[in-house]
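First the structure, which I've put down as structure tokens, then a few questions once you've had a look.
Here the chain labels run A, B, C, D and E in written order, and each chain numbers its own residues starting at 1.
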Amino acid sequence: MLLSKLREALICLKAGRVTLPYPSAPHDPSPRFRGKITVDPDRCFGCGGCANVCPAGVILIHDTDQHTRVLEFQWRRCTYCGRCEEVCPEQAIHMSQQFETATDRPEDLVIRLEVFMGPCQRCGRCFPPPTPLDRMMVSGFRSGGNGGRQ
Amino acid sequence: MLKRLCAKAFPKALWVYHANTGACNGCDIEVIDVLTPYYDAERFGIRLVGSPRHADVVLVSGPVTRQVASALHRLLDAVPEPKLVVAVGSCACGGGAWFDSYGVLGGADQVIPVDYYVPGCPPRPEAILYGIALALGLVSKQVVCERLSQESLEELAQGVSRYGGVSDG
Amino acid sequence: MSVESDAAAQITQLLGGRIGASLLLVEQPQPDTLRFEIDPGAVRAAAKALVQDTPARYLITVGIDERPLDRGFAIVHLFSLDSEHLFLALDCAVDSENTRIDAITPIVPGANWAEREFRDAIGVEPEGHPDPRRLMLPDDWPEGVYPLRRDFRYDYHPPSAGNVRPVLREPPKGSSVIPMGPFFPTLEEPAHWRLFVEGEKIVGCDYRGFYNHRAIEKLGDSAMTYDKLPFLAERICGICGFIHSTCCCQALEKAIGIQAPARARYIRTIMLELERIHSHLLWLGIAAHIVGFETLLMQSWRIREPVMWLTEEISGNRKTYGMNCVGGLRRDIPADLTAKIQEVLLPVERELRAVRQAIVGDTTILARTKGVGVLTRQWAEQIAVVGPPARASGIAIDARVDHPYAAYDEVPARICVQEGSDIWARVVVRMDELEESLRLIRAATAAMPGGPIRTEIAEEIPPGRIGISVVEAPRGEAVHFVMTGGDNRPYRWRVRAPTYPNLQAVPAMVQGETVADVPITVGSLDPCFSCTERVEAVDIRNAKTRVYSREELLRMWQEKSAPGGER
Amino acid sequence: MSHVFLLGSSVALFLLGALTSFALARNPRLCGWIAVVFVTVAAVPLCGVVGETFRTGGQPEVILLHLSSLGASWAIAVDPLSAFFLVIAVVVGVLSTVFSVDYMIRLEKDSVAKFYPVLLVFFSSIVGVLVTSDFLFFLVFWELMTLTSFLLVTFERESSTSQRAGRKYFIVTHAATLCMVAGALIVWQISGSFHFAAMRDALGTLLDTQPVSGHLVIFLFVLGFATKAGVLPMGDWLPDAHPVAPSGMSALLSGVLVKLGIYGLLRVFCSFVPVSASLQAWGVVVALAGVGSLFIGTLAALMQTDSKRLMAFHTIGQIGYVCLGLGVGLYCLADNPALAALGLMGALFHVANHACFKACLFLGAGSVLYRTGERDMNKLGGLGTSMPLTAASSTIASMSIAGVPPFNGFASKWLILATCLLVGMSAPLFLALAIVGLFISLVTLASFLKVLGAVFLGQADENSDVREVPWTMALPQVVLAALCILLGVFPQVFLWFAHAALAGVSQVGLPPIDLLLGGSWGLTLAVSGIQVGFWAPSAIVVALFLSGSLAYGIQRAAGARVRHVPVWTGGEEHAAGTVRYPASSFYLPFKEAFRGIYPTVRLRVPAFPASLRKALDLDRWLYMPLARTVEQAARGLGRTHLGIPQVYLLWIVVGAMVVMGILLLTV
Amino acid sequence: MSNGALSVLGLCAVNVLLALLLAPLYEGILRKLRAVIHSRQGPPLTQSYLDLLKLLGKEDLRTSPGALYAFAPALTLASVLVLATLVPMGTAPPLGFAGDIIVIVYVAAVSAVLAILTAFASQSPYAFVGGSREMMLLLAVEPVVVVTLIVGAVNAGTLATGDIVTWHTANGPTISMVVASVALFLALQAQAGKLPFDIPEADQEIMGGPLVELSGARLALLRWALWAKQLVFAFLLVEIFVPWPSTGTYYIDLTLALAKVLLVLILVAVVDAVNPRLRVEQAMRYYARVAFVSLSALAFAVIGM
């Protein structure tokens, strides 16, 4: 029995040491990897399509005043599905390759973006310019806050 | 003097208690993956332990469900000081896709104080290793709060967003 | 009445003969689905007829609140007729005032949890149930609040009903309790077992699970559109996420009446099998870890790691690939990656063989697994156990063969069966399945057709259509039931994970074993509580002294994080 | 003459105490204290006698009464062996009596007054047994002792188990006495006298001329004394009688009464049987019997969940060690007096040690019973915090009985086992016996870890209001525990007494103790001048203390904070009682392997013919019919009398008359 | 103080320090070896020291107010250190005059007893299961140790440890000693708490058994005691059963012994790495078989082989 056990040990030794040197040496993910979201503030025009499709309700939208729409990406709960990147008509959202996102402060995991919006001449509220995504807006806007909670 | 030595040894010998508080298993599997040959967290003295009494780090994965919350509290009480809490995965960091459902209280920091956040769904083993390295002080933080406009940091530090009540549900 | 095939006609005839006028309606909404609308009073007779006189196998029960549709509550018992590739649905409309129905658990033991679940979820009382304790709702959940009723908001947190102690079984005389969980090293997930022991011998056990409930089904049929649903389904389980998303998509596709293109179905097959490979290797490692064999854990995970890299390269994520969508896939496998799949799998196969050889000759492993955790074929059939545990008990069921989906009709799988009924048989079944998966991937990549990967969906999806889909997960057969609703989202989405029936077999398996064998016995099922407990709402359980409400927890958190606090 | 006076005065004090406490029976507490006072005062002259005996090496024989027709004379002689056992009897006796004061009040309210008179008579009979050197009178005292102890065992008249156990005890010991009487009569036919010296000479002759009857005589004596000592299979009465007796009485049974069996065996083998090859053979027999009972007794003890029954089985086991030492000593007596002396000293030392720790354990079990009313260890737990003194003394006594160094049990076991091993180098049988002994000492350890774990450690019941016993009950335990430590750390002192005791009775000259157990630090075994074994408790204690300080220094070096927390059971809270590990759960797989070793062994052998099984079922055909008969007779007698005490008194008379009658008939 | 007493004290100190300070290093080497078998890099050799140091600084959580619970871990380590002074390390055991092989067996049991008592005092049901298992394992293993040591004693005609070593050095290997050394090696596996016999600790089944409730310094001491115990037992094995080559020079002998101990422990670690854990009754059955091996060694010794 002891001998067969020693043989097992030898089988194990055959593979040799495979430990990767990360984190002392960088280890890049594969090219298709979906990492942390990045938002290009210059491209975003605040349509809110991303917020609409996000399964985790990461993207909160609030119109603060007549000219400003705030998009807050609470990406600490992001599921990295990449839907926002897919639907963004302006390619403002991009899933980067960055995975080294660990932090000691929760506020590091927030992106806040303020977009200047054109107000509606009639009602005075701001509105997003019409986009091909209007169809999607019809359905299932998930309320972001604490909703019906007591 | 020994006290100081002990404090110095602390980050070099982190024993981890892994608490699944309702995760989908994805993060748990990656956490174990970090201990396996390719990533080998034992290089840094990290071990998984079976009893919270032996732990230095409580590694929380998954959103905190209502059922598990009190147990999680007891768990943290059962860990001797000094201790760290690490939230692994998007669910533990912020509640994930179920952050506001009736079965879930939210991320781990809704229930217990969290020291490190490792987002990802699930985080790659490298990302977890990175988090470990961050805790050990081997690397520096790469993400910072991206306030693309002029808002005060304090407001976010309080965890309260003006936009949508509690910022994470 | 529209019944097409011979088998369907036979079943209809049989059922008609048994319950006569109580059979209200028979229809075949999908080619593989036969729906019987029956009078609730005849449900037991109908179930009896199905399980005793046909080879039908119980799947799951769905409780639907159809009051907005003026039909009261619908209790749908799903059965599978494997030989005819048919799903049978016994649909009983329960009066919305007199919410009770006969329990079928005395006839179909496997329905135990499912019946308790619909009692808790929509408030229909299964009468004559042998174990009528609450299953999914917490003990302080107020009476009369049913989370899966349509008028319950998904984010409503009902107030506590007070300090109600859970109804737990007391240990038999002379024995004591060894608690396992909710936090326990070999339970990767929270679950609470009370093992009743004499010394280390198990004389009984009680299970208090449902710690992992994240209200997925409720989210799915109230907060999620069809567009988002696959992503949610994927996160039912982090290990077999693709299986759940595929199953969910297939159920929706069936309900909608479309089919994914051939290429998408082949890619799904490849991904499903890749998932099976990494899951089985993972299980092998975890099982070894449970019995303390760290080397096997390390080596099997070392072999597994290239597969994970491969899936990341294909899908962009190591797990929860995010590839599925209703109607097909979001991303394709390019040609160079197809070649790479072969390349990666070659060393996996080679090393797997070495590992298998080592395990088979290892007397200590055999000592720990042979004759341990025995699940007899008879009991396995009664509980309707699925997957490797069932196949290790000699039951030849496999969703890939019984209800072919994806490309399994063109690349048929072989069912790996063992007769041992013990843990060792489950090891062997999984080792066989690993080889089979490697073969299937090779065959599928070779035969993969070109073409589009996604079928477009028509603008409006009509409400009230049902779709049932099964997918063979590494742990067994996953079942998704979807009923479409308005507003671009499902009306009811029911998921049955393979662990759901398998876990119910645990008490029988651990009886008479020792404490040392419990983790490996439970582990041999490859349990996945997160899949199992998706629907149940479980509140903070009130133990003796402490009750944390959400507000209290928040307050404590604030105190703790305040300067000068404990930390 | 002075020692007779001293002895007489102490016996008189005992009897006076008996009368006084009987007279003051209305006040149980006063009654108890009177008993304590009289026992303590009576102990003083006894101590004087003992001191004098050890100083002078033996007291001259004094004949008080002469029955020339029988060839019997009441001869009083105190030699060091008697003195040795007197010391044990005095210590355990006084402490048990002190313990009983509060114990008896709480547990047996109305009948307490009947306890102390009998107890004091029991004490005087023990003194009588130990100092008499004429077999006839020895038997009279022996009988008196048996009867009084029987009354004490069956003290709880209401309980049927106590009655059954008492009956069993009564029948078995009387059967044993009958054996001794028969043996004595055979010898008497030759010697014409019951005096020890005469009997020794006669037995020597008998062994030469009629070896069969000679060995029969020895056999009968061994049977008689071994029954009292609790050597299996005759010691079967012990596990039944101990648990039902009041705890102070259990301590006395185990600490003193059982030891008198060993005293008898020593008398027989050291004084009666001439040193010869046959003695060697008897040595092997005794050693085998000892190992048999230590093996079976201890393993049976491991299965028990009744604390006192468990300890009773351990008495059988520990007596096994004594017999092993005795056996190995007897085996070597002819060829190697040095090893023989070591073995016998080990045996004697173990007798004393056993008296300390077993009495302490029984008193501990009694304290637990007193506070919780529970002997079933399955229902106990976590008493360590509520009864700290009891827990600490029981822990020390448990460690002692398990032979954990540096407590006293280890010193004597070490001596016995080392001797066995040294003898075993030429006689491999003893190697095997020593290995069994070593193994069983681990089983003893397991068994007492179970006791400690189940009773004192672990989780207490919720809302338990158990508190420490009153000082009268705690003090005896603490004293006995302290004795366990003292005897363990300074074994040399006590071994000197053991050596003196043996040297006084042995027929061969034993080497002086300096040559046997030299060394200034502790015990150094020397055989023919070569040092072959070492045990220096003081050195080890010093080393343990130093390294313990080092280790504790390390523990506290970083000054870590201490915080008290609830037990971790996986995140959920459980009622304390449900997650407790009951006594019956310990070592189940191990116990499974030895299940049936006692007493179901007769059921386990399938090839056993039914008749044989029936024949072996002593309870059924021997004890019970006899018991029934005796009971009927007693009932018949009892009908003619009104009060229960009178019945008992009558029994004493009847018992003595029966003995006398048999003797007279055989004249 | 005489020269002899001083040298005894000095040797005691050396043995104690060897056991205390080298034990973590050896454990570190074994961990590294295990990592090699796992195909990974593994922790640095000093990791065990770091672990202990860290544990010393951690909070001490107590589930029971008892004194036994507080002091027993320190006493456990102390008893192992005392054991170290009774075991030859490079030369005759320094406290050989205070304890022979029987004492060694019992002192070794003391450390286990204290660990079990700590476990029981912690009130945890897992600790009770673990303690119960540990005791059963002890019941199975200790007879093997006893018999192998008795083999040495019978061969040398003495119970004194040092004299047995001297005899074996002088007389060379005998069949009985070789067989006994195999048995003792197999027993070492359980004494060191290594797989497949780490049944009492069984992290995955009972969360570390006796250790489940211990934290901080007391956990460190118990772990340390276990490591020191495996080192001391390895010394016992190599010194009694493989005493050659012996030069008579203390430093060289000690170095040789340390090397031999390392070899033995490496073998133990390899067995540890390639085995799953057995159930306790399987382990007991296994050691019952090993006991027969040791008894056969004793039989050889009795007939003088």
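Following the convention adopted for this analysis, a residue touches a chain if its C-beta (ideal position, glycine included) is under 8 Å from a C-beta of that chain, and two chains touch if they have at least 3 such contacts.
Just so you know, these numbers come straight off a predicted model, no measurement behind them.
> Strictly by the touch rule at the top, which chains does chain D share as contacts with chain E?
B, C
> Ranking chain pairs by contacts, what comes out on top?
If you count contacting C-beta pairs, the leading pair is D-E.
> By C-alpha centroids, what is the most central chain here?
Central chain: E.
> Centre to centre, by mean C-alpha position, how many angstrom separate chain A and chain E?
Each chain's C-alpha centroid was found; their separation is 55 Å.
> What is the distance in Å between the mean C-alpha positions of chain C and chain D?
Between these chains, centre-to-centre, one finds 66 Å.
> Centroid of chain C to centroid of chain E, CA atoms only: how many Å?
48
> Where does chain B touch two or more other chains at once, residue-wise?
2-3, 6, 36-38, 40, 43, 49-53, 68, 71, 74-75, 78, 80-81, 96-97, 100, 109, 121, 124
> Please list all residues of chain D that touch 2 or more other chains.
Residues 557-558, 561, 563, 565, 568-573, 579-581, 585-587, 589 of chain D each touch two or more of the other chains.
> Spell out, as numbers or ranges, the residues of chain C touching 2 or more other chains.
153, 155-157, 176-179, 182-185, 190, 199-200, 223, 231-232, 235, 295, 298-299, 302, 312, 317, 320, 362, 514, 541, 543, 546
> Among the chains present, which pairs are found to touch?
A-B, A-C, A-E, B-C, B-D, B-E, C-D, C-E, D-E
> Can you tell me which positions in chain D touch chain E when the two form their complex?
Interface residues on the chain D side: 382, 384-385, 395, 399, 402-405, 410, 414, 417-418, 421-422, 424-425, 428, 431, 434-435, 438-439, 441-443, 445-446, 449, 452-453, 457-459, 519, 521-522, 524-525, 530-536, 539-540, 543-544, 547-548, 550-552, 554-558, 560-569, 579-581, 585-587, 589-590, 592-593.
> Considering the complex alone, what residue numbers of chain D touch chain B?
557-559, 561, 563, 565, 568, 570-573
> In their shared complex, at which residues does chain E touch chain C?
34, 37-40, 125-126, 129, 132-133, 195-196, 198-199, 202-207, 273-282
> What residues on chain E touch chain A, complex-wise?
Where chain E meets chain A, its residues are 36-41, 270-271, 273-275.
> Given the complex with chain A, which residues does chain C contribute to the contact?
Those in contact with chain A are residues 153, 155-157, 159, 223-225, 227-228, 231-232, 235, 295, 299, 302, 309, 312-317, 320, 322, 330-331, 351, 354, 358, 361-363, 487-489.
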